[in-house]
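These notes are about the structure you will find just below.
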């Protein structure tokens, strides 16, 4: 029978306590979704819904304009998966190029990449919109999904930094063993940056899931809307906003994100013990 | 090898785009040319966009269904979104000449879109596809800029004081007379404070100051939109000394108190902390529904409230200049505003309909609160003067500036006299950019 | 015999060397470009023209609808000499960045280090701390935040319990800005995740060796964790700085699009958006964007330049 040490208790009380504090707003959100819509802000201080109702979920699920909320979730899921695959694969290829290979103009291209990261979206938004309009990609997810296959500077930079932590001796050993460059990428580096790849996947997932500006610009038919746009439609500045439905659906849409995170974070955590290789 | 081909292809693509982006501003004129109505068998697809929330989306979609059944060769694609998202979408669409055929338009953006020819002149369609015989000319003119009609009034709005008669009595006032004045208002404020209530929740600076100026025969913006419409800063000082004084006396809540109001359900009137609120007639029904008790509408205080009051279009239906089916679009705009069955579904959600025929047809279907609004607007039609027209370009900045000064005056950070001078200086520099 | 063979071989290889070196260099170039080609193609296709167009627009008066009119440096002049709101937004944003980013990183690193153990509960804690970030910059979050910081909200309640007078978060420009900063710090989960990934990459053998040498927890942190983590710290520092400069949605929702009270929450991106999409001064907005790019670029360059002194890359022989 193991008696938990004082250290164990202190750890869990401090960390756990802090976690609860941090989560208060989220808990508030969750509890509010069970309250009557008009009562949410009136009873804001009390976390306990009284009466406890599930109506918000039913109503929120009905969606907007005849599109059930399931439609919006499906749209968002498709967009997210397509984008995620594109971003992670292309960014890792590109990052390998920057981190491991030498070529003329590398510094220039790396600099350009950082520059694209720093330019606020609002400004390239309109010219890009015109380009996509001429390509006939309006009212579809193409303008968001297709560029994802050309790398995303954030992930490229992230992966570059991670690849640089891997000793080159590994590459050299692999070359001696007869690996060509692509094999080094695929067989050596890629497995070693699993934590970073998992991190990138998580970020890509929820950034795209939560993204608003892209969908607002490029999706015209409400049947194609994503979750974030749909949530906004519960609000109104002319009449009463349907807070209950909005919070309820916010909670519902949080679930997939949380699940994905939970699954992938194991890869972030486990990584691969490199003590054997690095020692 | 494949990668090089892709690169080459994109380079070609990119250069050809650069070449044809120059023509984007000229393609608009092509669709202004002659166009006849689609024959019965020709299929036409129209795009329509509006902002709103669920109830509006639902009934508008039903109206669309109704029209499609009556006009089987017309297919209407609906694009709707929340207020914020709507304007974010519209601007790039305009830049790319991709505006939907029919657009719900708001006064605050009206001039921008109109003066830049993004929305079309509806005058050629009046009394042909668009019926105006039952509608007061003042109401139609609300969509005019210069001598072109850029939008059809989708519903009328009038300013007023919406209040709780029970709370009014609590403050010791029996009722509000049609001819009440600003002095009566100040009296009311004192009594409200004594009874532990707010008299109202503050005023939107540009809207209500404009009303005040109109009662004095002036206006906020000059007729050509290149400057302010009043020369004497004393008018500014008088009005805002009154409003900021009320905040100081705690008869009106402070701006940060109001900043925390999340929505109607949180409004001080609903919570019985304030007697009334200054707002537009189409906001009455929502307020009353949430407050769930009888509320009244009173007209604006005088003197000269007749000169001050105006019929504001709550929103417009406009037609995109790049529309390829203008005649069909005009027909649908007419349906939206004049068709009785369609309006029975809308029940004045977009404002009180302009057409007298529609108003009559709707009356039996209205709830008591909606009745109050219709009655008030009808009364106002006879007790108001011509609307000044849409805000000039640059009004957005002027309003932001005004709100900020109002905030500072309310906090007591800025003297009203100084605010008057600052406002004049900054507003005029913004509006001066409109000088051609 | 053998020496002659060797000499021939050596002569051969010396003879071949120059040609193959060049060939190898070209081959390296091709390989490099092949790997980064998606970025290059995407750049030419989707990014280059918009960037150039936005630069051009910054020298024009452009309202999105009619053709831009060239006005040279007018926008830039106005920004720096005739627009007090611009300086206000710059000031507000700099405070936001320089207060928020270090706080965020510190929390992220601290919690990541604490959670870098193998206990079973850790997985759960990790997810819980990450949850605020997952909710992201959504409208629900901002509304929730406004509620918590209301005059009678939970934060003021807590302050009163601790004997501190309640703060008018919405009434005071500085307090309102701190509301935004707290929101950003609250979402430290994303940085934390990256630190965790980095921590996992530090071989346990290093720590074991240090323990054998008698190092305690604090020493291990300073001498092993921080240096090994430094490339990741660099990454986070740069990304957080850039991200902080571009923050828009929280400011927009919390201030209801006004940047209030009294422009206390008028973050640079918000002001840019207002100028571009509310006032339709797209040319001015473009100019603002380019100045932001320069500022962020300079900051990033500084961070990178100083990185020589504190960042240690295992793969490049380190220090």
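Residue numbering begins at 1 within each chain, and the chains themselves are lettered A, B and C in the order written.
FYI, a residue touches a chain if its C-beta (ideal position, glycine included) is under 8 Å from a C-beta of that chain, and two chains touch if they have at least 3 such contacts.
All values reported here derive from a predicted model rather than from experimental measurement.
J.: Could you tell me which pair, A-C or A-B, is linked by more C-beta pairs in contact?
T.: Answer by contact count: A-C.
J.: What is the chain whose Cα centre is as far as it gets from that of subunit A?
T.: Most remote chain from subunit A, centroid-wise, comes out as B.
J.: Once you find the CA centre of subunit B and the CA centre of subunit C, what distance in Å lies between them?
T.: 40
J.: Give, as an integer number of Å, the spacing between the C-alpha centres of subunit B and subunit A.
T.: Measuring from centre to centre gives 38 Å for this pair.
J.: What is the distance in Å between the mean C-alpha positions of subunit A and subunit C?
T.: 16
J.: Please output the residue numbers of subunit B that touch at least 2 other chains, ranges allowed.
T.: Residue numbers touching two or more other chains: 17, 84, 88, 91-92, 95, 262.
J.: Considering subunit C alone, which of its residues make contact with at least two other chains?
T.: In subunit C, 34, 40-41, 45, 49, 64, 143, 147, 150, 277 touch at least two other chains.
J.: Among the residues of subunit A, pick out those that touch two or more other chains and give their numbers.
T.: Answer for subunit A, listing residues that touch two or more other chains: 41, 126, 131, 212, 232, 235, 243.
J.: For a test of understanding, state which residues of subunit B touch subunit A in their complex under the given definition.
T.: It comes out as residues 17, 20-21, 24, 47, 49, 52-55, 57-58, 61, 77-85, 88-89, 91-92, 95-98, 100, 262-266, 282-283, 286, 289-290.
J.: What residues on subunit C touch subunit B, complex-wise?
T.: 34, 37, 40-41, 44-45, 48-49, 63-67, 143, 146-147, 150-151, 168, 170-172, 256-258, 260-263, 274, 277-280
J.: Which residues of subunit A touch subunit C in their complex?
T.: 11-12, 15-16, 19, 22-26, 28-29, 41, 44-45, 90, 93-94, 96-98, 101-104, 106, 109, 112-124, 126-128, 131, 147, 149-151, 154, 156-158, 161-168, 181, 185, 195-196, 198-199, 202-203, 206-207, 209-210, 212, 228, 231-232, 235, 243, 246-247, 250, 254, 257-258, 261-262, 265-266, 268-271, 273-275, 278-279
J.: Can you list the subunit B residues touching subunit C in their complex?
T.: 3, 6-7, 10-11, 13-14, 17-18, 25, 84, 87-88, 91-92, 94-95, 112-113, 116-118, 254-257, 259-260, 262, 393-394, 396-397, 400, 403-404, 407-408, 411, 413
J.: What does subunit A use to touch subunit B in their complex?
T.: Residues in contact with subunit B: 38, 41-42, 64-66, 125-126, 129-131, 133-134, 138, 212-213, 216-217, 220-222, 229, 232-243.
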